[in-house]
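The same chain A turns up in both complexes below, where it pairs with chain B and then with chain C.
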Partner chain A sequence: MSEILTINNLKVWFHTRRGTFKALNGVNLNLRKGEVLGLAGESGSGKSTLGLSIMALLPSNAIIVRGSKIILKNRDYLKYFELFPEEKIDRKFKIKKNQKIMKHIRDFLAKIRGKEVSMVFQEPMTALNPLLQIGYQITEALLAHSSINLAKRILSRINLTEDDVREILKIVKSSKNVEKDLNEFSKLKKLDGIEDQVLYILNRKDLSTIRKERMIYSLKEKMKNPLTMSYLKKIAENKSIGIYRFLNRIPILKRYLKGVLIKEGYRKAIELLAMLNIPHAEKVVYMYPHELSGGMRQRVSIAIALANNPDIIILDEPTSALDVIVQYQILQLISELKYKLNISFIFISHDLSVLAEVCDRIAIMYGGRIVEIGPIDKIFYESLHPYTKGLLRAIPKISKDIKTIESIPGTVPDMRNPPNGCMFHPRCPYVMDVCRNKVPKSIEYSKDHFVECFLYGE
Partner chain B sequence: MKLWLYIIRRILLIIPTLIGLTIIVFILIHVRGNNLIIAEYLNPHLTGAARDYAIQQLYQRFHLNDPLFIQYFYWLYQVINGDLGLTRTPIYSGPVNTALALFYPNTIMLALVSSILIWIIGIPIGVWSAVKRDSVFDQSTRVATFTLYAMPAYMVYLLVLIIFAVYLKWFPISGAVDPLLLQGVSWYVNGISYPTHIIFIDALLHGDINIALNSIWHFILPSLGIALGGVAGIIRLLRSSMLEVLDQDYIRMARSKGISESEVINIHARRNALIPAVTSFVYGVAGLLGGVVVAEVIFNIPGVGYWTVQALLNNDAGGILGSTLIFGIILVTASLILDIIYAALDPRVRY
Partner chain C sequence: MANVIIAAYNLKKYFPVGGFLFSSKQTIKAVDDVSIKIKENEVVGLVGETGCGKTTLGKLLIRLIEPTAGEIFFDVPEEIIVEYEEALKNKDTKKIEKISKRYSFLNKKGGELRRMRRYMNIVFQDPYSSLNPRMLVKDIIAEPIISTGYASKKEAEELVFKLLEEVGLTPEFAFRYPHELSGGQRQRVALARGISTLPKFLVLDEPTSALDVSIQAQILNLINEIRKKYSITILFISHNISVVHYMSDRIAVMYAGKIVEEGYKNSIIFDPKHPYSKALISSIPRPEPMREKIIINLQGEIPNLINPPKGCRFHPRCPVAFEECGWTADEVFQDIEYIIMRRYAEQFNGIKRIYIEDDFTISVEYEGKNLIEEKLKEVLNKEKQELRSLISIKNIKSESTKIKIELYKFVEPEMYKSKDGINVRCLLYREKK
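Then we have the complex of A and B:
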């Protein structure tokens, strides 16, 4: 498996009035294609900050320290920016200058946000704008990155001839590998985007075969007016839209230009929602967030994240605000998507039992560092780091009759003045002298299983 | 379609409110006693039997011998037919509804122009000072709005007048329209223009662009003064609600989609932040429609506030009660409009 995301020595600090809050202190992480990586740890260990740094959505007082590397698909984005070195971040630090750099990074990464990396947030209740329709909120993500695809979909329906439809029906009825044949067909006839629409109709479970055939027949669309057509062609060919940008501001004309794309976005949104097992997707796109339940809203958030076929989806505690049954459904959905779409997930959660359901590997975070990372079995059954052991012991077990819940003594360190040496040493039961002075290096204990602790290795 | 039904239901619901309002005004009229009601209509030169006869006639005309609740319906019938009684003030004597036709158009014009100014000045500044939080722009807006807040209204008006009319001479000093332009105009009779009574609209209807422009030109300065007084509150309110909205999860979600920052602000943040500001704005406009006394006096515009104050000073019951009734109706309508705006802006409002 190839690595899609590599994070090297990532340090993200926050400038506050009462000192510098060191949220991430040298995170090393790699994410492979098509895997689910769990990120676990206490509150304040920097899980969410790590997610936000990958998205470049950090708040304006955040500082990315020089030497940090976020390499996404072999491109190191941070190397273009003049980041501040560690020594310079002290009491006299000029936050204004850093804010400018952070803004540059935010703007620069806007083109990958949502397209290559996207994120699902914790609270489905507040993550959707209450005043906008579900369909519009999905369409917006599509318009931001894949308006070309939308235009191609419309044009493919317009260019569809009766013979093409007959051929499609023949493929649908007789072919063994419908998906592949349809792809070939659409490439041959230059009807990009028609295959998705046919497949969506075929994959629907609530329709009879006759009804499906009739729907494929009715895919054919009439020619639009010349203005709309030329606009769509320009977008489909990825040319600059020049004058149309101004025409899009005129309310009546907007209906025939951008409005056509928005309408197509709603169509695509219906397909996305149906893929995520939302019943009556045709109605749901016209609803507002308050009309949906928590689980449905979380699915809509996932649909928004999936809209542009990203390579990585960061799930920031997507199930924490949901009840157990909905939680299970969402987890099912995520494992399904993993196999279907070959997307890599970073699943952030403080709940190890949730991570156990879906993850391939788990990384344990403490004090802004990844203290242990490894395949899920190794983490659960052969855990090495004292903190991981403590975490696993703290999961209450139903099978035992427990009087007290075990926990790790002490609290998360104050990240304004983090302890010297190993972050965990004040709470560690196996603390040694070396722990107090030196930061442990990452050791590959067994294959793929890394740990940062002096107890292991030489 | 559902919104349409909701509007009809809301309109039906204001009927009880209006009945309550008319009852209160009616009681206020009768608290003064019957003599004061007929005083306006009685010829003061009559004496003896003739005077008694005239009083008897007036008692019969106003049904003053009937029980009070029957009198209410007679009075209501009279009000619905457009008869609000008589007024006698130094600036105008005659029927109240003629007085309203004379003074109200100026107030409406003033309220409309100034509320449009408040809207187009307030929204961008409020939104931008929240987006560019703690920037030079934000800080200077803060200083300016608090200065405007702290200044008494008449001082703002006088400053505007001195700067733009006296020194720069961009706008006329006073008046609602240049009287010379109205000489010999067929649709302008005895200070009242026809058919809508609002000079600007009537001029446009009759194709007199000159007069329309002149009237707008006269109204800009007083409206600017009023707008500067009212805009400070809107800016502060909008800024704080905008800051609150920008902190919400759905704004972060919108950014995570990769849409441009201007779209985040214009589509996601602004509309949400406007909802609390709309309340303050609509009641502000309703207040303006009740007359801005100080502005009307300073800019010498014969508006309804000016007339009401004259009625108050001269103990003129007809004028006071007439304007009370009208102002009550305006407030009720304003809350109706507010509900409709809410329903249109926010899908969470159930209807």
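Then we have the complex of A and C:
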């Protein structure tokens, strides 16, 4: 499997009045295409900070230390910025200059955020805007990155001829691999975007075949007025929209220009929501977040994350606020999407039993470092690091003879002045003299199973 | 015989909502007809989805809110409970009145009630909002001691230090404010307040759901220690079933304001009877990635408790629901309308309107030929698999220009006893006549 995201020696610190808070201290991580990587650890171990740094959503007092690398699809995007080296971060640290650098990084990543990497947050109630309709919130994400696609979808419906429809129906009836054939057909006829719409109709379960055929026939749309048409064509061909930028500010004209795209966004939103098994998606797009239940809201935030076909989705405790049954449905949805769309997920959670349900690999974080990473069965059945073992012992297991659960003594270290050597040594039951002075290096214990601990290796 | 710490019978709590001037008020039936019995030194776990009334029930049992109807006994000898239950069965109103007059917890008032409060306490879910930010930790812990008259102010101060040690905190924590503590430490303070008056009965309302896994383990073990030391009876409310299984002796499963299943923990976890608990327990995430998964997926959501479904409240989501589970004309009407007007609209051209005649009959008016009845029968039979509500159709009669669809009458399920000591509220387990 090819690697889609590589993080090398990532150090993210926070400048505070009471000293530097060292949230991440050299994280090495790689994410492969089409896998779910679990990220586990206690609160304060830096899981969420890692997620936010990939998205470049860090607050302005954050410092990315020189030498950190985040390589997304073979592009190291931190390379372009002059980051502060480690030794310069002291009392005379220039905060203003750092804030400028952080702002540049944030602005630079705005192009990538949502399109290549997107994120789902823990609390769907606070992540969604209570004043906007669900459909509009999804449309917003679409307009930001793929207004080209929206314009193409509209044009494809307008350019559709009666013969084309007949051909599509023929493909639908006879072909074995409808998806592939439709793709070829739309490329041949230059009707990009029609295949999504046809497939959505075909995948609907609540309609009889006759109705579906009728709906495919009714896809054809009338020609719009010349102003709208030229606007759409310009967007579809990715040309600069020039004068339309000003026309879009005139309310009446806006209805015919941007309004058309927004309407199309709602249409696409319905398709996205239906893909996530939301019943009555046609009604849901016109609802507001408070009208939905917790599970539905979380599905909507996943839909927003999915809107632009990203390669990576970061899920930050997506199920912590949900009930078991709803949680299971969301987990099932994630594994379904993994197979269907070949997206990579980073699943952040403090609950190892949730990670056990969906992940391919699990990384255990402690004190801003990844102390153990490996395939799921290795982590659960042959765990190496004392911290991983401790976490596993702390989960109550359902079995007929109840074993007492054990907690890890002590608390997460204060990252303003973290312990020397291995971060875990003050709490570790196997602590040795080496652990107090030296930071352990990552060792490949068995294939694909890495651990940072002096107990293993020479 | 040991005492029964809490025995509640037919407990109801309806919260009024809406209503303006003369318009009628609606009620949310948060807890509806719940009976629960907890013996001395027992830990009972209460599980269920959000909004099913777990917390309300916990608060009702210690009278933090007053029930709308029902009866609660607190710390009563078992003989009396047996006597009361018999009287309930025989509908011996005189005896019921006599017992409840003497022992009922609901009859206690004023000073007597306040003195009794010593014997019960509650620990809330969120330690960030349950501790007063303006009070020192020592005042937080001492408050119930003083207000219930368990000890004087001076003695209370000494007790506070003893309690802090008990929950694993050093004495200097007494002079801190809640915001200076971490989540685990706060929950320890909340627990110290909970046991400050040596209660007999403690309600733990999701005590660990806001905490990390390793801290959760610390708190759970601490609760177990304290419980054994002071022999406290506990009602453990949580939606995390593995935690409830770890802590409790018996488990009660709640759904939409009713207890649907109740019994010893292993029989409930490993062999659940009610379809809802089956689905709930099958979807617990487990730290065993290689296990074989057999998971029952539930459709739909927890029902609106203003107008809960008739009969068994679970029937609209139940994968094995049958004719008598509680289908009413409203539910069936929606599905029939959907079939006739949308899904098979091409086949039913002559239909004028569909309406509900009474609770168990739906009428379909049509014009023209008489073939519709046959077609309807065929379609409804075909769709039975997917739309479970159609199962409740008893027969389809045709009368001149309309077709009458009659439904089965529903049966309200009661608590039925199954073999291994589980009480189930499901018609599948009722005794056959």
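In this text, the second predicted complex is superposed on the first by the 452 of 458 C-alpha atoms of A that agree within 3 Å, B and C clash if a C-alpha of one lies under 4 Å from a C-alpha of the other, contacts with A are read in each partner's own complex, and residues count from 1 in each chain.
Throughout what follows, a residue touches a chain if its C-beta (ideal position, glycine included) is under 8 Å from a C-beta of that chain, and two chains touch if they have at least 3 such contacts.
Being a predicted model, the structure only gives us computed values, none of them experimental.
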Who does A:240 touch here: chain B (first), chain C (second), both, or neither? neither
Once the structures are superposed on A, label A:301 by its partner contacts, choosing first (chain B), second (chain C), both or neither. first
Output check: A:400 vs chain B and chain C. Expected answer is one of first, second, both, neither. What do you get? second
Mind working out whether A:2 is in touch with chain B, chain C, both or neither, as first, second, both or neither? neither
By residue count, which of the two partners contacts chain A more extensively, chain B or chain C? C
Just chain B (first), just chain C (second), both, or neither: which does A:131 touch? first
Which superposed partner A:113 touches (first chain B, second chain C, both, neither): first
For the chain B and chain A complex, residues of the former touching the latter: 248-250, 252-261, 263, 267-268, 271-272, 345-348
How about chain C: which of its residues touch chain A in the complex? 49-50, 182-184, 212-218, 220-221, 239-243, 245-246, 266, 269-270, 279-280, 283-290, 295, 297-298, 301, 342-346
Considering the complex alone, what residue numbers of chain A touch chain B? 55, 57, 107, 110-115, 118-119, 121, 123, 126-132, 140-141, 143-145, 288, 290, 301, 304, 307
Per the touch rule, the chain A residues reaching chain C in their complex are 42-43, 206-208, 210-211, 293-295, 323-325, 327-329, 331-332, 350-354, 356-357, 359, 376-377, 380-381, 390-398, 400, 402, 404-408, 411
